[in-house]
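Same chain, two partners: chain A is paired with chain B first, then with chain C.
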Partner chain A sequence: MSEIMYIFYILPYVAFAIFIVGVIYRIINWANSAVPLKVPTTAGQQPTFNFIRRTWVDKIDSPSNKFWAFIRMLFEVFLFRSLFRNTKYYVEKGGKNADTRWLWLFAMLFHYSLLIIVIRHLRFFTNPTPKFVSTIEYLDGLVGVAIVPPLLMTGVIALVALAFLWGRRIFLAKERSISLPSDHLILFFMAVILVSGLLMRYIVKVDLSYVKMFALSIITVHPPSPEVLANLHWLFLIHFTFVCITIAYLPFSKVMHFAGVWFSPTRNMPNDNRRKRHVNPWDPNPEVPILARVGIVVDGQVFKSKKLDWNTYYEMYKDQLDEIAENNYTIKPEL
Partner chain B sequence: MSEVPEKLEIKQRFPLWKKWLKPITEKDYKPGFYSYMALPKQVNSDFFKMPFGDVVREPLEKDWKLPENWKDIILKEMKDTLEKNRAFKVFMDICVRCGACADKCHYYLGTGDPKNMPVMRAETVRSIYRYHFTPFGRIFGEWAGARPLTEDVIKEWYYYMYQCSLCRRCSLFCPYGIDTAEIVWWTRRLLSRIGINQRFMCISIEACSRTGNHLGLYAGGMAGAIQQGLEELKDITGFELHTYINKKGADALFVAPSADYFATPHWYVMLGYLLLFNELEERYGITITWSTYASEGGNFGTFHSYEAAQLLNSKIYKEAERLGVKFIIGGECGHMWRDKHQFINTMNTLPKNEEWRRFWDDPDLGQISGGLKGIRLDEYISGEHGWIHILELVAALIKHKKIDLDKSRNDHWKATYHDPCNVARGMGMLEEPRYVIKNVMNHFYEMPEHTIREKTYCCGAGGGMLADELMELRMRGVMPRMMALRYVVKKYGVNIMLTPCAIDKAQFPVAVEYWKIPVEIGGPMEMVGNALVLTALGEKPEDRKYDLRGTPIREEE
Partner chain C sequence: MYHKPYVILGIVVFLIILATPYWVTAGNIKYEDIHKELAKPKGVNCIMGVKWMASKHMELLNEWREIAVRKGVRKYKTENGVFNVSLTECWRCHNYDEYCKKCHEFMDVRPVCWDCHYNPGMKIPTVNYIK
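Our next item is the complex of A and B:
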């Protein structure tokens, strides 16, 4: 029996290995793909003549150089800038748009609560617990201090936000329609993890000293004693297993958006097309257009278009062009 | 042209994932929503030769006459696309299906078709990607939202990739910047590799690759059209004006969308250009030339594929070099400026002529004429690009008080301004047109804030959707814009919507008639033309009696 329990000790290493390798693979895979064109979505006034006013919002949303494009990325990644624009269209009200920032609000709450929760969990993996971890935990519990143990807000907020985010996929027709099983799956994982975690803290009150010993043994790569393993609560094992499964699943899932968004050409490129020429890596020296240079090669067949350079053009329409030349390249109204 | 019913019903449907993973077939195609396919004379032409373009294909027929190994070609090209375009690859991977994009698409709002939600439009491609390029998709099939590539999938792609105008409104709201235009553009490119092309855009692409412009207008025809404009201006202003064409040694090359030579209300904008050029030449000695070889500013290739876009825009820098100009001025057009701002200098090598190089060493218009000193293009442009938008130029001329304007000549107009999608979201020119409009007219009113600037709604006809057979789709897609327009027409009595976009100018007159909104359509340069006092030619502000449409400016007393 006790040997089998060592699976739980092995599990996080496997999960992390898959996660790291997977994420690196995905990132390299994206990075290897070429960027043929500079295509930022310009969401504000372009860089232009100095007398045209550009607000700081314009500078972020229509970045004039790489620095501002980076700022734009930070706003996108940490503040969900684009989601903040969200509107809802009411056909029935004669086509009225209204700001709807619920999705933004709950997405922010969810992601940041998760972040704080992850940071708080560092107390299991460190001895002594670093100051900032206990400070965050203290702040988190400030509102719910009357409850023992102090009710940590992020746990509750994450659960409410999760309910909202899942609820819209279940109850709203449009969102239900676009949801794939995998969209529900990841929410299911999150729900199991959150609920089991909250249960352990507030309802079942699991003895956490063994959990901490177990966590430290993972971090220090010292296999835990059978006694520690035997005393791990079943609820903790569920919590822990799902965390590991989720971590291993991430590289294969849509959750990779956390890394992918950095590669999104519509966001990470500056709107400086007219200042700096972007070179297409697979068409770096386009003296002659591809269709007239090599054509399209499909299935061994070559489909090449004829080049219409000035000389060809001149030969084709010689009479008319000569007439224009005779008029000294000037057009005047007929008298 | 397909008939559009008097009353449009928006029927929303919400199928679950298993249901929508089943591709639609040609039997589900609805008239007014599907595009005709290109004919051999368009895609098997000497100047525009697409793979397997020698076959006539009919969308409603079961057999699409695809090449024998079409599936291998698509999968191979898809792999190639994933390597060639990071945007495509990243956007295949990171969508979380949050739905923020759904009600941002004018076609979804107007049709209620679930696959017109940007997220679903992309999912029709992603599902194939998952099945053929990811292990989870292969193993779990539809449970992972994956499906194999079949002929019906090709039909579904053709239907939905050609119900997108590449306006990028969804990409603005997407938390990861997923740009449906990238997915659609590159999927259309995939389709073109097995002989599937849309007719409307290919007519223009082929014409442009053969004659220099989308209309297929020959050199003489273009010169004649401009001449016609000069004659009209003689009637309106009393002055005998002129302009240059194919002129070597001019200071700047001017490139406009070819619709400006003929179509209405584009025509009035064209007259505006001509007035401005004459005043500038007379006053400052700056010469601006048109070109018959580079006679097209627009680029329908940007709706088709990278290669087609490059084929069309490759002529302009070449012509700038041949004519020996210093810089290029671009006319009023939407997708043209996506192309000119974001694509052209990547897709082509720059002009190598001496004049160009010397001008961009110190790009002050004072180099051309002392009177224009102080207008420095290097405040945002360099010789690595060399294009300025006509409205940017006019804004600078106004700011530096280089031209004289009489606002009151536009007092009979109450205007609103529609931001073309590509000018707003593919370039970011938001303030310049407003600056110009406010300086050339007294009555200007904005549409509601969620429908303008970077959040602007598409006209419903961009990206190749201007085809007549798509009329119902167009009238539905334009609905959000029409609602916003109706609001300002009712509230402020707006009687003209200005837009610097050739496709807008073609779509909106039809749309306002269908939606019964009593408003005219025009371009900002028309208003500039009205207000511009030809001081250098001896015109006084009160001299002008008619505007460019020939209607009296001041009511008879």
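Our next item is the complex of A and C:
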């Protein structure tokens, strides 16, 4: 019985091995794909004449060089700038755009709470615990200090934000229709982890001294004694197992957006289309301007655009066109 | 691979972030069997069973606070005997510095209780009613 508990000791190493190899594999995979076109999205005034005003917001939203593109990336990564401009189009409201920045708000709350929660967890993986971890936990618990143990804000905020983000995919019809099983899966993992963690802290009390000894044994690669393993609480084991499963699942999941955002051409390209020529990396002879060519070369193949004449078109789609004609429709070329 | 220097920089940053526990402590993480380090308490039994106490002693104290302050209950009976409902009751058998504080420091728990309450680890000469 006690030997089988060592599975829990092996689990994090397996999970992290999958995570690290998987993430690096995907990063290199992305880095190997070419960006044939210049596709920055711009939401600000790009530099033109001197008398056209260009504020620093324009510089971020329409960066004209690498430096500002980098700043834009920082805004994207740390403040979710493109999500902040999120609106939703309503046909039934006369084509009006409705403000859906609440998505940005809850996304921010969720991500930053999660960051603080992860930093707080350092107290289990360090001995002695660095000062800043205690300080963060202290600040986090200031509001809920009247409770034993102090109610940490971020745990509650993360749970509320998760409820909104999942509720959005469940209760809003459009969002539900574009949600894939994998979208729900990762939310389910997060929910299990959060709820089990909160239960462990506030309701089903767990002997944390053994939890910390177990965590230290993982990080110092010092196999835990059977006594430590025997004293781990079942709720902790659920929490821990789900964390490991999630970590192993990350490289296969949409959470890879933490690396993918850096590769996003609409975000990382400066908007200097008119000043600098973007060379398609696939292009075998980039010296010849595109407009002067017979066709466009992609991966060694020449694609010509030619005008179809009616007879060729009719030959190509004869079956369908005849079937349509059988239903009393007139099939004729549009002149 | 396109933009190789940036990609490699990104991977390195990713690995550095993953290694956070090691560099924030400058590689100084000590494995410690905390239960071997705690001072031996006096007496035979704690207020409740050891396992119960280990995970729920803060809840017990919290309950005590409530029944003492709000209901005036000053005695608490368990299967191990009758105890005074007070934070100072613990010092009858436990050494603060070598017991509570050691484990709390290991766990990085900072009970706010000692902002107001006395514990024997404090140097307050006027307190002499605890024996």
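Everything that follows uses one rule, which is that the second predicted complex is superposed on the first by the 274 of 335 C-alpha atoms of A that agree within 3 Å, B and C clash if a C-alpha of one lies under 4 Å from a C-alpha of the other, contacts with A are read in each partner's own complex, and residues count from 1 in each chain.
Criterion: a residue touches a chain if its C-beta (ideal position, glycine included) is under 8 Å from a C-beta of that chain, and two chains touch if they have at least 3 such contacts.
This is a predicted model, so every value here is computed, not measured.
In the superposed model, A:287 lies in contact with chain B only, and not with chain C.
Touch criterion met: A:173 reaches chain B, while chain C stays clear of it. After overlaying the two complexes on the shared chain, residue contacts for A:122 are found with chain C alone; chain B is out of touch. When the two complexes are overlaid on their common chain A, residue A:137 makes contact with chain C while staying clear of chain B. When both complexes are overlaid on chain A, the residue A:34 reaches chain B and chain C alike. Contact with chain C, but none with chain B, is seen for A:20 once the two complexes are overlaid on the shared chain. When the two complexes are superposed on chain A, the residues of chain A that touch both chain B and chain C are 31-35.
Those residues of chain A lying in contact with chain C across their complex are 16, 20, 23-24, 27-28, 31-35, 122-123, 125-130, 132-134, 137-138, 145, 148-150, 205-209, 212-213, 216-217, 219-220, 222, 225, 233, 259, 262, 281. Interface residues of chain C facing chain A in the complex, by the touch rule stated above, are 1-4, 7, 10-11, 14-15, 18, 20-22, 24-25, 28-35, 51, 54-56, 58-59, 61-62, 103, 105-110, 112. For chain A in complex with chain B, the touching residues are 26, 29-39, 41-53, 58, 61-62, 64, 76, 80, 82-83, 85-89, 91, 94-97, 103, 107, 168, 172-183, 252, 254-257, 260-261, 263-267, 271, 273-280, 282-283, 285-292, 295-296, 298-299, 301, 303-306, 308-310, 313, 317, 319-321, 323-325, 329-334.
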